[in-house]
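Read from first to last, the chains carry the letters A, B, C, D and E; within each, the first residue is number 1.
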Amino acid sequence: MIVRPQQHWLALIFVWHGSVLSKIFTRLFLNFLLSVAVILMLPWYASLGIKLTVAPFSILGVAIAIFLGFRNNACYARYVEARLLWGQLMIAARSLLREVKNTLPDDSAIGEFVRLQIAFAHCLRMTLRRQPVEATLSRYLTPADLATVVQSSSPANRILLLMGNWLAARRREGQLSDILFHSLNNRLNDMSVVLAGCERIANTPVPFAYTLILHRTVYLFCILLPFALVVDLHYMTPFISVLVSYTFIALDALAEELEDPFGTENNDLPLDAICNAMEIDLLQMNDETDVPARILPDKRYQLT
Amino acid sequence: MIVRPQQHWLALIFVWHGSVLSKIFTRLFLNFLLSVAVILMLPWYASLGIKLTVAPFSILGVAIAIFLGFRNNACYARYVEARLLWGQLMIAARSLLREVKNTLPDDSAIGEFVRLQIAFAHCLRMTLRRQPVEATLSRYLTPADLATVVQSSSPANRILLLMGNWLAARRREGQLSDILFHSLNNRLNDMSVVLAGCERIANTPVPFAYTLILHRTVYLFCILLPFALVVDLHYMTPFISVLVSYTFIALDALAEELEDPFGTENNDLPLDAICNAMEIDLLQMNDETDVPARILPDKRYQLT
Amino acid sequence: MIVRPQQHWLALIFVWHGSVLSKIFTRLFLNFLLSVAVILMLPWYASLGIKLTVAPFSILGVAIAIFLGFRNNACYARYVEARLLWGQLMIAARSLLREVKNTLPDDSAIGEFVRLQIAFAHCLRMTLRRQPVEATLSRYLTPADLATVVQSSSPANRILLLMGNWLAARRREGQLSDILFHSLNNRLNDMSVVLAGCERIANTPVPFAYTLILHRTVYLFCILLPFALVVDLHYMTPFISVLVSYTFIALDALAEELEDPFGTENNDLPLDAICNAMEIDLLQMNDETDVPARILPDKRYQLT
Amino acid sequence: MIVRPQQHWLALIFVWHGSVLSKIFTRLFLNFLLSVAVILMLPWYASLGIKLTVAPFSILGVAIAIFLGFRNNACYARYVEARLLWGQLMIAARSLLREVKNTLPDDSAIGEFVRLQIAFAHCLRMTLRRQPVEATLSRYLTPADLATVVQSSSPANRILLLMGNWLAARRREGQLSDILFHSLNNRLNDMSVVLAGCERIANTPVPFAYTLILHRTVYLFCILLPFALVVDLHYMTPFISVLVSYTFIALDALAEELEDPFGTENNDLPLDAICNAMEIDLLQMNDETDVPARILPDKRYQLT
Amino acid sequence: MIVRPQQHWLALIFVWHGSVLSKIFTRLFLNFLLSVAVILMLPWYASLGIKLTVAPFSILGVAIAIFLGFRNNACYARYVEARLLWGQLMIAARSLLREVKNTLPDDSAIGEFVRLQIAFAHCLRMTLRRQPVEATLSRYLTPADLATVVQSSSPANRILLLMGNWLAARRREGQLSDILFHSLNNRLNDMSVVLAGCERIANTPVPFAYTLILHRTVYLFCILLPFALVVDLHYMTPFISVLVSYTFIALDALAEELEDPFGTENNDLPLDAICNAMEIDLLQMNDETDVPARILPDKRYQLT
């Protein structure tokens, strides 16, 4: 995620890093070259009776803009939902710890439980990003727990089961009444909601045909556009063609980036920072002193 | 569902499998032939004083694009909701099993309950796809249970009732207090929500008149378009006509596919894979060893 | 509701029943006649210096399409919410019965309760459709209950109160603990949500001014359109004018139909079938043998 | 709210009352006069070299239509949410009373509680409409309660506190267990949700700049439009200009009306009728005989 | 937030304060100057064979309007959600206090709890606005509590923990049963939802690339527009160019303002007034007499 301070409107136009411009520059440059070629070839292919006018591109442009707007909506909704789920994890984690601290008569073992919570967040983050979890989790879990977790096909779900076991042990010891256990268990269910929600987003892309149809029409539109513009605009064709192409191709590329919000591209969610904030919060709530430093954006305003 | 790895933007334009292109190719080819015919007939029907211009098609094109965008939204919302419901089933199933394992003092019979849960998922999947359930369910249910389930008009609902009976028996034996029974029962209610939600999507299509009005206007638009384009574009008519038609017809066809997300077409939900993942998760949570292999996409990136 | 099997794309264009075409045919025919009249009058009124061009209709067409899309959204949302509410009724009814069967030690009187549930569904259906309820309800309610129900200004709400009384009697007899009563009572509250939700949709139309503004602009647009098209299209005017009018008028008419989803028009909800399915499900769950036959679509694919 | 019976499509075009037409008639008439003036002035200002074409108005028209559609959405969402909140109040009130009647062993004092509920609805309605509450509330509250209520900065919230006190007194008397008190108290919380939701809608308008930007662009667009149309349309300019202006200005005016759904304009919510229905329902549920008459729409189909 | 009384439609057009006009005036003025320069340079650059037509700008204008509409939606949704969260805080605070007052047998210490609630609201407001919290919180918290709060990385979350501790102390003293503690604790969880929701909105901007792509295309569009308009409009170019630019740039600027709804700009949320209203309500519910005055909009209708 890019967290730029507010900038002058004029300066913003020239920003390079964090835009998708770096990613689509080649395509726009090819469009520019094509436009130049079209200007040069105009006399030749006009003599063949081939002509294109802007009118059908107007119909096509509106239709593509509407459908692209729809796909952007769908992809942005995934991004927003993913962020919402991580926010719910924060809520569930804090509420769970507050409730545990407020209800358990004996709070000496709560540090153990806090570590299970932190492990859950890191484990979810790393499985979503398809990174190996073992090294990180070993900082929070006992070796026995770690072994069962890494063997599981859904490690984060296994950690939830461990948290349930921990609470169940307290109930069997008589520290928690059924009603309080039920309440704490509901927080675990909230975490289960987050887990399955993130898995759903990660495993179920926007239907591939949407991506394909729009990708195809956007690129065919941009390729044919110079041929239609050249008759009216002549020397100005490359500039207008690249501007129109930029509008369409940039949004197509951004939608692709947002579709998988758990990645590590410029516009993806800063899961490292969210996990870090959660870890700090939970440790401070338990009045622990060994708290990690807060992760800040790098020089390019990038937060991972 | 297609789960393609990310591809170069240029390569994507030429993808065949998984697009709806294979399905609508005939229609586009007919459009091409019609356009060619229109070019040939132009002198003849122009001599009759018949003329069409692009301007009214511009109005019509925008209107159809807006309405098609609306229908796409409606159909995509069904797809998203269907996926969400299956995600909720995963959540309810895991939470229910975790809660059962954490609260039942005697866990020797939990394997039975796990099988009821797995049977529920497979039964729901197969009734939604209108496949016979008996053979598959016989792997998970006792013959007596199986008999009552297959006689029911809503077999999955009957399995829910069996799960409720199982929990009720534990309550009567004194293994579950009322509060814990209430909590577990809420998870069954969550499954009931998923069941009725899926039934609703499967039984209530988008109002037929939407499908019809859009289908009709899209096809009439595409049939008349070459007549309007030919005056300006002449030899280029077939190419532009097919491009515009592709944009509209492909989205119309995709909306139709997404409208029934429980089917087995390219862009439908991978219910087999979801049920398989749920089965693996639940068996692993109960520390069972006989776990089925994970279903992976086939060579064409297709996951069923 | 129309539940047509999937059809060939070409066949679909010619479907008559279930489209709104039958309803708006007169209006389209009038538009056709007007267009013909406009062609004939063209020389006369052109000589008066009266001229219309397509350009302002292009602005108007886009604006109307956008606003019509908005109204369609609003009306379709009502349809979807109405269906959702009836789905929630199904969920609540099944969950309530499952919970009652699982928790009541003595299940001899449950048949009574099942009849109250079925009566609730039929009563809601018939009050929404403004049909008299007494005859149907007499099949499910005792005469005393029936009398209080039909005297009430909200009969379905009175049945909910009777269900609450039935459960309260079980609690007073000691068959239900407070916690289980609370849980069952929450299902009654879910039914109360459905009831008030349906009443809300039935009693609160989309603000009348929306309907009026769009209706008016759509018809004025369609009336003036031939005058603008005739200069360019001449003999083709009637065909294009009717096609454009069809797109706008059909969606306007469909929105009107969906606005009140509880009616008995082609595209309204099949409340008879939903109530029938609920009745079958509940009776089967209680292992009763006298179960009504399932309602199926008629020859014209119409389900009421 | 207007509750018109369905009308013939042709008759609808000529409806006056209940449209926003009465409100914007002056503005449309001014637009007509301006258009006539523009026709007369055309030769003069054309001689100055001033010319306007439709093309830039086409860009502007589409942009304004899209943004107006967005604002309409936002304002309509407020209307829908407001109606939803009042529906939730109905649900909470009925459920609360049903639960109270089903659980209290001694129901002699329930009439008192019913009056608190009715007072809450009327109080909310009148504070939202900025009407004095004292006279109406005196019909339902004891003088002591009335005094504390009218002194409060949020009178409806004070009535909720009184309802809570009433239930708390029953709990202290041993008529309600903690679990049942908790359940009833949740219904009070539902009412608190409705209260704060309505306050939020009433106190937080759509950001003023939206209203302003759209208002300004719509009116400037309508003022400049005749200048652009006159070259092509000449004598027809006033008619087309008024038609286009009607489409834009009417929707702008309607959005303004819907933005504050608690007002007493034509398209606002019928809070009087909703409170009346709630009062009838609650009194009938408590089997009282002195029930007010149902409020019906007036001759102009207006329901307040 | 601007809370203007309703104004005459004509007067509204000339409002200056509270519009974003003051903010974008320079940009519009530059556009005006550029347009004048373009008129002057027209003969020169036309002689170079450079020409621009309106047609491609029509395509671009529609596309930008659609994408801008999408971004406006996204930013407005953040504003609405932020307001909703503060509404939920109001609900949770009132319900919590009502429940505490109704259930605690000894209400002498409730004033303490009220102050914790008020401190939570102020603390959340000031951290969202990145203002120092210590001075304000010292009015409500004991020095010991204040010290732990200001040391925390999430001070508002620490106050929630203090509220939990306060309730837990009442439970340990036997004043609250487990079920009532559970109910009150759920209200604290509601506050936790508000807290994390606000943090999410404040920390996660709309993906930067959206802002950038739209900003860039809007400004390039407005810069190039005069070149396209000048051929047709000549002397009128500056006026139409500024009007079109105003429509696009004003919405771009407003979206930027709404994106961070917790700021102190014209169209941001009036958090001071909301906290003030909450403080008054809670103190009045506890029948305290030392209640602060209500914050009202200033002379320019501005509420902070």
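As a convention for this text, a contact is a pair of C-beta atoms (placed from the backbone, for glycine too) under 8 Å apart; a residue touches a chain by one contact, two chains touch by 3 or more.
Quick caveat, the model's predicted, so the values are computed rather than measured.
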Item to check | Set of chains adjacent to chain B and to chain C | outcome: none
Checklist entry - Given that chain A is a copy of chain C, what angle of rotation, in degrees and a multiple of 5, matches their CA positions? => result 145
Item to check | Same vs different contact residues, chain D with chain E, by half of numbers used | outcome: different
Next on the checklist: On a C-alpha centroid basis, what's the spacing between chain A and chain D, in Å?
Outcome noted: 38
Checklist entry - With chain centres defined as C-alpha means, what is the inter-centre distance between chain A and chain B in Å? => result 23
Next on the checklist: Could you pull out the residues of chain D that touch at least 2 other chains?
Outcome noted: 55, 58, 62, 64, 66, 69, 179, 182
Checklist entry - Drawing the touching chains as a network, do you get a line, a ring, a star, a complete graph or other? => result ring
Checklist entry - What does chain D use to touch chain E in their complex? => result 27, 48-53, 55-56, 58-60, 62-64, 66-67, 69-70, 74, 152-154, 157-158, 160-161, 164-165, 167-168, 171, 178-179, 181-182, 185-186, 188-189, 192-193, 195-197, 199-200, 204-205, 207-213, 215-217, 219-221, 224, 256
Item to check | Of chain B, residues touching chain A in the complex | outcome: 1-4, 6, 9, 12-13, 15, 18-20, 54-55, 57-58, 61-62, 64-66, 68-69, 72-73, 76, 79, 83-84, 87-88, 90-91, 94-95, 98-99, 101-103, 177, 179-180, 182-183, 229, 232-236, 240, 243-244, 246-248, 250-251, 254, 257-258, 266-267, 269, 277, 280-281, 284-285, 294
